[in-house]
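See structure below.
Think of it as A, B, C, D and E in the order they're written, each chain with its own count starting at 1.
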Amino acid sequence: MTEDTKFHHGDAPNNAAPIVEMKDIEKHFGNIIALAGVSFDVKPGECHCLLGDNGAGKSTFIKTMSGVHKPTHGEILFEGKTMDFSSPRDAMEAGIATVFQDLAMIPLMSVTRNFFMGREPTIGRGPLKRMDVARMNEITMTEMRQMGINLRAPDQAVGTLSGGERQTVAIARAVHFGAKILILDEPTSALGVRQTSNVLATIDKVRKQGIGVVFISHNVRHALAVGDRFTVLNRGKTLGTAQRGEISPEQLQDLMAGGQEMAQLEGSLGGTV
Amino acid sequence: MSDSSPAVDERLKSEGLGARIMKRPELGAIAGVILVTVFFLATADAAMFTTSGIINFMTPAAQLGILAIGAALLMIGGEFDLSIGSMVAFAGLFFAAATVTFGLPLVIAIPATFVFAACVGSINGFIVIRSGLPSFIVTLAFLFILRGLSLVGLKLATGGSTQLRGVRDATEGDWLAPFFSGDAFGGLFAWLAEKGIVETFKNGNPKVPGLPIEIIWFVIIALLATWVLLRTPAGNWIFAAGGDSNAATNSGVPVRRVKISLFMVTACCAALVAIITVMDAGSTDSRRGFQKEFEAIIAAVIGGCLLTGGYGSAIGAFFGSIIFGMVVIGLTYTDFDQDWFQVFLGGMLLIAVLFNNAIRKRVTGER
Amino acid sequence: QDIIVVSHGQANDPFWSVVKNGVDLAAQHTGANVEYRAPETFDMVAMSQLIDAAVNQEPDGIVVSIPDGDALGPSIMRATQAGIPVISMNSGSDVAAELGAALHVGQSEFDAGKAAGAKLAEMGGTTAICVNHEVGNVALDLRCSGFEEGFGGSVEVLPTGNDPAEIESKVSAALASNEDVDTVMALGASLAGEPSLAAAKASGRDVNVASFDLSANFLESIAAGDAAFAIDQQQFLQGYLPVVFLANNAKYGLMPGGNVPSGPNLVTQEKAGQAIELSAQGIR
Amino acid sequence: MSDSSPAVDERLKSEGLGARIMKRPELGAIAGVILVTVFFLATADAAMFTTSGIINFMTPAAQLGILAIGAALLMIGGEFDLSIGSMVAFAGLFFAAATVTFGLPLVIAIPATFVFAACVGSINGFIVIRSGLPSFIVTLAFLFILRGLSLVGLKLATGGSTQLRGVRDATEGDWLAPFFSGDAFGGLFAWLAEKGIVETFKNGNPKVPGLPIEIIWFVIIALLATWVLLRTPAGNWIFAAGGDSNAATNSGVPVRRVKISLFMVTACCAALVAIITVMDAGSTDSRRGFQKEFEAIIAAVIGGCLLTGGYGSAIGAFFGSIIFGMVVIGLTYTDFDQDWFQVFLGGMLLIAVLFNNAIRKRVTGER
Amino acid sequence: MTEDTKFHHGDAPNNAAPIVEMKDIEKHFGNIIALAGVSFDVKPGECHCLLGDNGAGKSTFIKTMSGVHKPTHGEILFEGKTMDFSSPRDAMEAGIATVFQDLAMIPLMSVTRNFFMGREPTIGRGPLKRMDVARMNEITMTEMRQMGINLRAPDQAVGTLSGGERQTVAIARAVHFGAKILILDEPTSALGVRQTSNVLATIDKVRKQGIGVVFISHNVRHALAVGDRFTVLNRGKTLGTAQRGEISPEQLQDLMAGGQEMAQLEGSLGGTV
């Protein structure tokens, strides 16, 4: 496992003001405590990795960031101002685009319709204002091809796509609409090797444009490949945040496992799973 | 990363025109229409497919269809409205009272009726959204409430009777009336009759005085709804809201607004039917629209809407209503013993839907 | 006094709303506390439960309609055995006495249908349709079979729904598919009679349309000579009289000695004018 | 890999008894029952909550409830049956014809009726499964077909009438009759009346001759269905089939068999209601069970079943039926004008469901 | 990337008769050709990896193996006999357990009920025969703990579990019921590092018991860690099968990418994504 990558890191000034700052977020579901006080921020142009064991609360956390859940307790600052997103649409309009772990796609609808869901481009005006279907189809096919997926047709129903194709639609959509912050919840989990490297390259690209990226992954290697900072969650709490270079892959992997010992595989996987 | 899309993907078989057409849910129901037509051509009296016969079954089909299209939009959006039948009675009462009791001109009474219906619809929607209860149970409550209020209101308005009359007198001569009652293209039909293209009575009058206005509304609304569903962002939101309202919300679709608007649209469809039927009949009573919510849902489902939401089409509901209207009225043209009416009705519906389904599967190669 | 009326017709049925108006007026006149109850649809099982509920409240009298003596019998007998006076109205003249009802106010549906049939046959009808908007409702079925018997000629029952537009189309269809039909018998004036009339007019043929019960519009058509007649069973009295009887029975122990026939009363062109106003007020 | 489960997970807040109870869908509807009871205690005649009054509203609740439990099972399994109301009429005709026209003893007539109903149910299920059409439309067709056949059958059996009488005479004295008609524990109630524990009429007769047999069936079926749902593999399969029939099939649940069986069970529930009501009434007519399918679904939904399947409970349907029965009959004990009946019915239903929902959310801290 | 692992490989005699043999399988969906003739077999005690790009047809292929799809063309031999599974239940009864990519779980049902769905253990008999709820709960908790997930309670609805927790339920279930063949469609995609190593260790364990494992993954490292043979699919066709040791990780990765060039990431990820 090597750390010298072709991506350039650390360009983002460490002292830039964060775009989003989450302070001491708690989230309870009935009697279940999913988050027990987590603080986190994202600065422009950085890729902040959120890591942690299964069930640590990563998805719950980014869902409060993108307006899906209201935090039970805690404060969200967006560009310095207290924010209270009442719906994901609000968050989106503020410039936060998210790839959810469950992808948030409608299986019965076509790829194009899913791609532009909620933000359809229109042409014409007055009563003749309508979706620009031709452009929508074209954008969809192009963006998907850039991610390494050749769709047969833009009107195939998402429910009939393969797992990786579907995930790619969600990523391409978020990238297309991500204005200030791009949140990716395990975006590469179902992707093939080619698509994965495209996604990692894309993360690097959008970061260079000054967009803040929140990247959740279970793959230490993917995280280290693109991450500038690493925050590890465990059982609803933060275990700490590390800068790139401050921490070794093995240390990071240990933290991600929640400090518990792992099965006897170390050797076979060259240190990191 | 830069492989260009191959002109023809080798993973696609070529596909006939039939398959491409049948894949669209909006056209699947056509097979059912054809089957039913063939059946009645074979069994029914020839009078059924004369111009007057067609208009005769298209009129109830159109009235049902206007409701069915509203219901279909709502079903695609993932909700039900069981109160539309009662809404027809209630909006009818409101409209009749406005014109007869308060003597308002149509230009005020009609918009007022629509606004009123939309308000009731939005209450429905609001309760559904806020409480998170299934719309089935909420609108069911309004089925009873509106039906009951129609009765109470009628008795108030008439001083004891359940029928409020005099609408025709009250609206006669109003310049808006021709848009909501009577027949259109009267001149055309008279001319056609003269030329012998449409049938005439023995005394030379055309058998059909014109095209009933509800048929025109029906077609317009079907086209409009199809346009909205297939070509506008709102349509995309409707499909999304019904397909998976969670995923839609998370993708930035304003699901609440979409659903409340749909409840309002549905209620307005009911109000339109109410206005048309009240003006045509010249009166209203507390039983108007009885069980229409049910028939509207039937028509939408025949036309391919899924009860679970997220799938369907307005054109499907259009053809579904025609199938339903044709079967209900058509059986009267046949020689079957009318005791068997319901048996045939059920059987025809089942066969039409099965046929339509089988054809679609066969053509698209689906299994 | 408390008096409870249980009928098989819903309050929003034009026919039964007149009965209810009669009940309400009787309540006013006698000062009794009267309640009107009916099941949501024509449902004998539900109706027997409503009678049971009424008996439980031990009122000073119960008024019932009896479309099915078998189904309602036990509940009615439970009332009479508990010492609650019962008067039957509208339907059930045949079984009323047997079940212990003090008397019956009403007309036999079958006889009314028969009278109408005879009258229409007399007007020259040979082939008729009987528009039944609630097939399986025994009261309506009886009207049709009575009509069939009285009419003598060929009669076809036309089952329809509850929707005026549908009824109009179906009658049109029936007229179009059988050129011989010259008579239409509707079983309810506003729901079926008016659309039947519209269909008959549109057909351009000379068709006699008659209807059970009254509605203002239909009466106007009778007055104008478009419709033949309407059969009025003066159901206002079926609501009014039993309540008055029972109130007086409770107060003074008085009760008439026999059944009261409230109809039938054929409303023809001459008599229609006077009925229109009353019908618009829900009295006829 | 070997960390032992901590005795108490720090990620759980402690939870009150109330919250634990309210989380169960089967108990949520209790809040509604309580609300409705309080309402009628305040507004209704005191007679409503005497023994006879309670039995009086429990009887229709029980008849509805037997259907509602069947409908609930089927809804949990992801399907609808709109034909149960017509099935009541049709099975009633079958049963009445068997006893009256053919003079069969109950020991043959009753099983035959059940077998017959189960067959019709399995046809329903078979068509739904094979065609892949929504059960809504298939069973709707059977709603019409069975209703029509009841009419035709009745006319055949009676020679023209739509009412078949004489069942009471035909079944009188049959040893099986007490299990399907009349009242149970008659002796007990007479004794209680003597002791003054249950009320008597002025003339000394006990107001309640016994516990109507349908109430006993109702309770038994509710317990049985709950047992099946919560404690048997079949129950697990029902939830799975309704929750996501694809996922269930892929996990090895015999979804087709489960669904067809559920259709048969529902039809048998309808047959049971038919037998009980026909024997109680002594007659049958072609309107029996009219719209009961609708009321059964209402009761199931009030009791917390989801229309989309996969969630709900038999006990919920039990309480849902009681709420519905109580509201319908209860209103007759109040002084409200019958004209307002439907308004109150709708309002009460809505309030009961909203209340039940609000309480549940509050107690479980859900949002 | 190293190839010497702690697992023992190649124990299964290469000449053992395959448990399942799939010959020239084709699968069409309407006008879409998902599989265009794929042959494949699994022998007892081996882990046969099925690799390939997104949309290559892997999931479709294993679904025909586990009775979900009927092949449009081709033959399935199970223990030498032609088999025609009419439903997944048949396949299951024959001893094939599958973790589907979409997991095949019912979100509204509890973890325990999902775990035993279709194969509930019962106690009592006659009319008193009932599910053995206590035992079911216990087995569920234990099996999940073995995979590295501590559930809060066995009656939590699966829909409220985190992505990884949910995937673990599906894996634990298949392992518990897998009798002759265990099919895992991207089982580790949502798993944390600890859970992943547990799953890989589990694959090794069941293989030792003579069960044939079909393992689908996009992670070359995971595949190489446990795989005995590797079959690569591309656009509905087989690119070939390789024995362990015959092929280098880089070659394999190239094959998996469908032979198309990848984004400029090679360096950063140490050769394999």
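Observations, loosely collected:
Following the convention adopted for this analysis, a contact is a pair of C-beta atoms (placed from the backbone, for glycine too) under 8 Å apart; a residue touches a chain by one contact, two chains touch by 3 or more.
Since we're looking at a predicted model, the values are computed, not measured.
The minimum number of touch steps linking chain A to chain D comes to 1. Both chain D and chain E are touched by A, B. Among the other chains, the CA centroid farthest from that of chain E is the one of C. Separating the CA-averaged centres of chain A and chain E is a span of 27 Å. One simple way to say how far apart two chains are is to compare their mean CA positions; for chain C and chain E this gives 72 Å. Separating the centre of chain B from that of chain D, both taken as means of CA atoms, is a distance of 33 Å.
Of all residues in chain B, those touching 2 or more other chains are 1, 3, 11-12, 147, 151, 155, 339, 341-342, listed in ascending order.
Multi-chain contact residues of chain C (touching two or more other chains): 11-12, 135.
In chain A, the positions touching at least two other chains are 29, 32, 102, 148, 152, 194, 198, 260, 262-263. Chain pairs that touch one another are A-B, A-D, A-E, B-C, B-D, B-E, C-D, D-E.
Residues 1-2, 4-7, 29, 32, 52-60, 101-102, 148-149, 152, 156, 160-165, 168, 186, 189-198, 200-201, 218-222, 225, 253, 256-258, 260, 262-265, 267-270, 272-273 of chain A are the ones that touch chain E when the two sit in their complex.
Contact residues of chain D toward chain A in the complex are 1, 3, 10-15, 19, 364-367.
Touching chain B in their complex are the following residues of chain D: 80, 127, 131-134, 136-138, 140-149, 151-152, 155, 297-298, 301-302, 306-308, 339-347, 349-350, 353-354, 357-358. Residue ranges on chain D touching chain C, taken from their complex, read 45, 47-48, 50, 52-53, 56-57, 59-60, 63, 147, 150-151, 160-163, 165-168, 201-203, 205, 207, 277, 280-283, 285-288, 290-291, 328-329, 332-333, 335, 338-339, 341-342.
Interface residues of chain E, counted against chain B in their complex, comprise 28-34, 36, 70, 235-236, 260-263.
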